[in-house]
Amino acid sequence: MGGPTVTFEQAVAKYDPVLGLEVHVELNTETKMFCGCPTTFGGAPNSQVCPVCLGLPGSLPVVNADAVASAMRIGLALNCRIAPWSRFARKNYFYPDMPKNYQISQYDEPIAVDGYLDVDVEGETYRIGIERAHMEEDTGKSLHMGGSTGRIHGADYSLVDYNRAGIPLIEIVTKPITGTGDKAPEVARAYVTALRDLLRALQVSDVRMEQGSLRCDANVSLRPSPEAVFGTRTETKNVNSLRSVERAVRYEIERQADVLSAGGVIVQETRHWHEDTGRTTAGRTKEEAEDYRYFPEPDLAPVAASEEWVEQLRATLPEPPAQRRARLQQDWGFTDLEMRDVVNAEAVDLIEQTVAAGASAAGAKKWWLGELARRSNDSGVALADLGIDPDGVARIETLIAQGSMNDKMARQVIDGILAGEGTADEVVASRGLVLVSDDGALTAAVDEAIAANPDVADKVRGGKVAAVGALVGAVMKATRGQADAGRVRELLLEKLGVEG
Amino acid sequence: MTFTSTTAVDLAAGIAAGDFSAREVTTAFLDRIAETDGELNAFLAVDTPGALATADAVDAARAAGEPLGPLAGVPVAVKDVITTEGLATTCGSRILEGWVPPYDATVTANLRRAGAVIIGKTNMDEFAMGSSTENSAFGPARNPWDTNLIPGGSSGGSAVAVAARQAPLSIGTDTGGSIRQPAAMTGVVGVKPTYGGVSRYGLVALASSLDQAGPFATTVADAAALHAVMAGHDPKDSTSIDAPVPPVVAAAANGDVTGMRIGVVKQLTGEGFQREVREHFQKSLDLLAAAGAEIVEVSCPHFEYALAAYYLILPSECSSNLAKFDAIRYGLRVGDDGERSVEQVMAMTREAGFGPEVKRRIMLGTYALSSGYYDAYYGQAQKVRTLIARDFAQAFEVADVLATPTAPTTAFPIGEKVDDPLSMYLQDIATIPANLAGVPGMSLPVGLDDKGLPVGLQFMAPAMADDRLYTTGAALEAAVGWEARP
Amino acid sequence: MPAISRDDVAHLARLARLELTDDELGHYAEQLDVILGAVQRVSEVAADDVEPMSHPVAISNVFRPDRLIPGLTPEQALSGAPAVEDERFRVPRILDEE
């Protein structure tokens, strides 16, 4: 089937998109939401289970105190009101990865409501309303066997592992996001990014989308104008990266505009995003809408968040990422554009740590966003994972500032560090990367260069000072780049009797 | 000494004193089961090797001078809705036939710690739904007073085991009367503790907000001894009460009702009940008055809605609780031919594995919770529940305990009510209010009807005042002087 | 309140994953209708300003510390399973799109 024929520009010109983003966060508590089983990733199948998370007859859940604290901190960080009285509820439906065939979640009494998160897209701030954040438990995992793709379609049977069942999840639901117009895909991505950063700063989760500890479902609908009522929305799942968020939203806007323009109607359905083809496909149409028959969980006590408790937790919140970035930008003296580059390169923390290790902000930025960013892009490895740390970069900057090294040598030091040869100092020592600025050592090379290039020397003597560059180059070559270029130039000009 | 005629308290004392061995005692009860259970069908499983091993261990500990638990060497039968590690737990259902739990319920662990001998698992209405034990997938249990009659339910097997002296003590569960009503039908003492007083961890859930496990015994003092072992806060059960166990053993020993105000509930005096039930109820009140108690009248106007609220709340909770039986992790699997989908296999398994009463209640509950109906049914029933709790609170301002007949009739023939669910539900009319409010209740035998069948009287007390049941129970027991045997 | 029909029962049976026979559909429809008639009484009670109760005991904030508790071994976990493969629960094919 072909893709939409409407372009994105046409789509947003004709329709006003409305978004809703649901994000699930896997908490990094040591144990599961309702039992004392470990939450570590990658254990042998069904080795991290107990009667409770396996749903054995007779088992009962008991709430993890730290999970509740994390939920409340997330709510506070999102400017939510923490409910003084909050209850768990059962969401009833049958599925093989659900040990009890109901999920303990929250329904009409969630722990946190009515907040917001501000996100920046190209200099404009969008305030994303947060409807609610609530606690629930994760399901087990199924492997689909016998078919050709490992996906459900065409599988003959499945194998279920309940290690993941019961891991604490926080679901964060936005209010309808309006007024984004043609920026909708970017806003969606920016929201998920900002949320991820905030959760990371709170240290409540690993927030790795590729590992599933941060999951996003994107709801998209179109309406003829901002004054019209909301259109029918679709929910897109399997959005596994920030890039996918942006692409999936963009695709759905195009697809829905295509359908509507042709006079069709949008079906309210769950769709599946395919990163490889860049499209969403419809899920299996169900005969009846699911009726979850929510009722308050009789096996658990309500959570009564006292004011003291809330304030205690509020005091543990870290500086909001946006505020921190503004402060750092000011401390570092970067322009907005420079700061945005740093943020986009995900180098804020790295630069902060490099500065803390003794480098100047400008120096730190030069390396992280320059040479190291280039290597990161070339190899596809994230900056933080390259193999050089802020201490190393700071040391290199210090050596340069001291005059012990120049940029070219610094790049060799980086090579050495990344090759595992040791610390900056160790590499300098083992490779003999010391800048030669001792006049005595340089004089010989300077004299040689002048002698070997008489025409150039004459030009310089004749007034073409710029020509000395070639002589500098010759000296640098002769010293394998380990000469202090500035000093070399000075010496050459001195020898040639010219003012530099 | 005939061990099968001896109280649990005396058996424990005798074993501890070395007058006789735990093995002798256990063997006597195992023999009794072998003689009688072919007909009575009270037991779904008898654990002969396990029981004898425990008995031997008690004897060895005793010989070595080690301290013994309060029920050391005393056989206890356990309703098959409670998990016992290594011993099959079926809940009276085909869907769990042969399931061996890998873990003990907390009450089971408590029994073991007390040195009790877990002699076997008893028959019950399937998933505790019923008032006659006829809903068991493994045949009904029979009333030892007349084996053509039902013993009551859902804890029929546990009641029979004690009534027929197959075990001195047994454990049942009570969601709407399932301990108290069979106790009345079989002439034994049965107690439903305060909700939250006994851990529900390991009790296969029927209605999570109503279920409680409790003791059956032939005397009030024996029931107290078992109650004390079973009860207590459990961190594995979030609904269990974090407070000391009420002093039930001391209360049973005391039995002094002088000055106690006994409230007769206007809505449950026995109007419409079987004649002998009303008569024995009245006689019992006279005996209590003669013993120094003051009889007062109380009114609990919302009790007339209790049955309706109960038959909305219970099915709703159980429809969710029973969803886990889906042919995947344990239990029956039907129809898996390699072609069918998991949905089909689930539906075929549940169809084959659940009996009619279970299916009725699952569907009723699914209905009551469904969108559009929640407010009118489940939501409204939970409000009625609050009103019933308020009725109790008001009654307990003028009375220390309440008294009612336990059940409207004595035991009825097997098969009589099986096709008339509503008529069966009415059996619980006097017992249901206590479950809705979470207050404790006790039934004890107070007389025989014209056919020689036992009649029970029910006491109810405020939450966490379970000891009052034992005070009044002991007093009435002494006054009645119950000696009849089946 | 509407009487409960065969179709209603069929819908409930689907929601509850019960594969009822035709006979059962009719049979249960009748019985459920009678029972519903009886339980409808709850709507007679004036309870607009009454809080629903879902716990007889007034409890709140019951938690456990975030510490490991030993669980089951894989053998124990799989011990009751109707079908096992590769230390996992083997289930018939799932039709739904996840």
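Letters are used for the chains, namely A, B and C, taken in the order the chains are written, and counting of residues starts over at 1 for each.
Just so we're on the same page, contacts are C-beta pairs under 8 Å (C-beta built on N, C-alpha and C of every residue); 3 or more make two chains touch, one makes a residue touch a chain.
Fair warning: this is a prediction, and the values are worked out from it, not measured in the lab.
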### Task
Look at the interfaces A-C and A-B and say which one is made up of more C-beta pairs in contact.
A-C
### Task
Please flag the chain sitting at the greatest distance from subunit A, going by CA centroids.
B
## Note on the structure
Rounded to the nearest Å, the gap separating the Cα centres of subunit B and subunit C is 23
### Query
When the centre of a chain is set as the mean of its C-alpha atoms, what distance in Å lies between subunit A and subunit C?
40
### Message
I'd like to verify one number: the distance from the centre of subunit A to the centre of subunit B, where each centre is the average of its C-alpha atoms, in whole angstrom.
### Response
57
### Query
In subunit A, which residues are in touch with two or more of the other chains?
51, 54, 62-63, 94, 96, 156-158, 160, 291, 293, 295, 298, 300-301
### Task
Could you list which residues of subunit B touch at least two other chains?
99, 102-103, 209, 235, 238-239, 319, 323, 326, 328-330, 338, 342-343, 346, 366, 370
### Message
Show the residues in subunit C shared as contacts by 2 or more other chains, in ascending order.
### Response
15, 17, 54-55, 59, 62, 64, 72, 77, 89, 91-95
### Query
How about subunit B: which of its residues touch subunit A in the complex?
82-83, 89, 91, 96, 99, 101-103, 105, 200-205, 207-209, 235-239, 316-317, 319-320, 323-326, 328-330, 338, 342-343, 346, 366, 369-371, 374, 378
### Query
Where on subunit C does subunit B make contact in their complex?
1, 4, 8-9, 12-13, 15-20, 24, 28, 31-32, 34-36, 38-45, 47, 50-57, 59, 62, 64, 72, 76-77, 79-83, 89, 91-95
### Query
Can you list the subunit A residues touching subunit B in their complex?
51, 54-63, 90, 92, 94, 96, 99-102, 156-158, 160, 291, 293-295, 298-301
#### Entry: subunit C - residues contacting subunit A, complex
11, 14-15, 17, 54-55, 59-74, 77-78, 85-98
### Task
Using the touch definition up top, name the residues of subunit A that touch subunit C in the complex.
29-31, 35-38, 44-51, 53-54, 62-68, 94-96, 142-144, 146, 152-153, 155-162, 237, 270, 272, 283-284, 287-288, 291, 293, 295-296, 298, 300-304
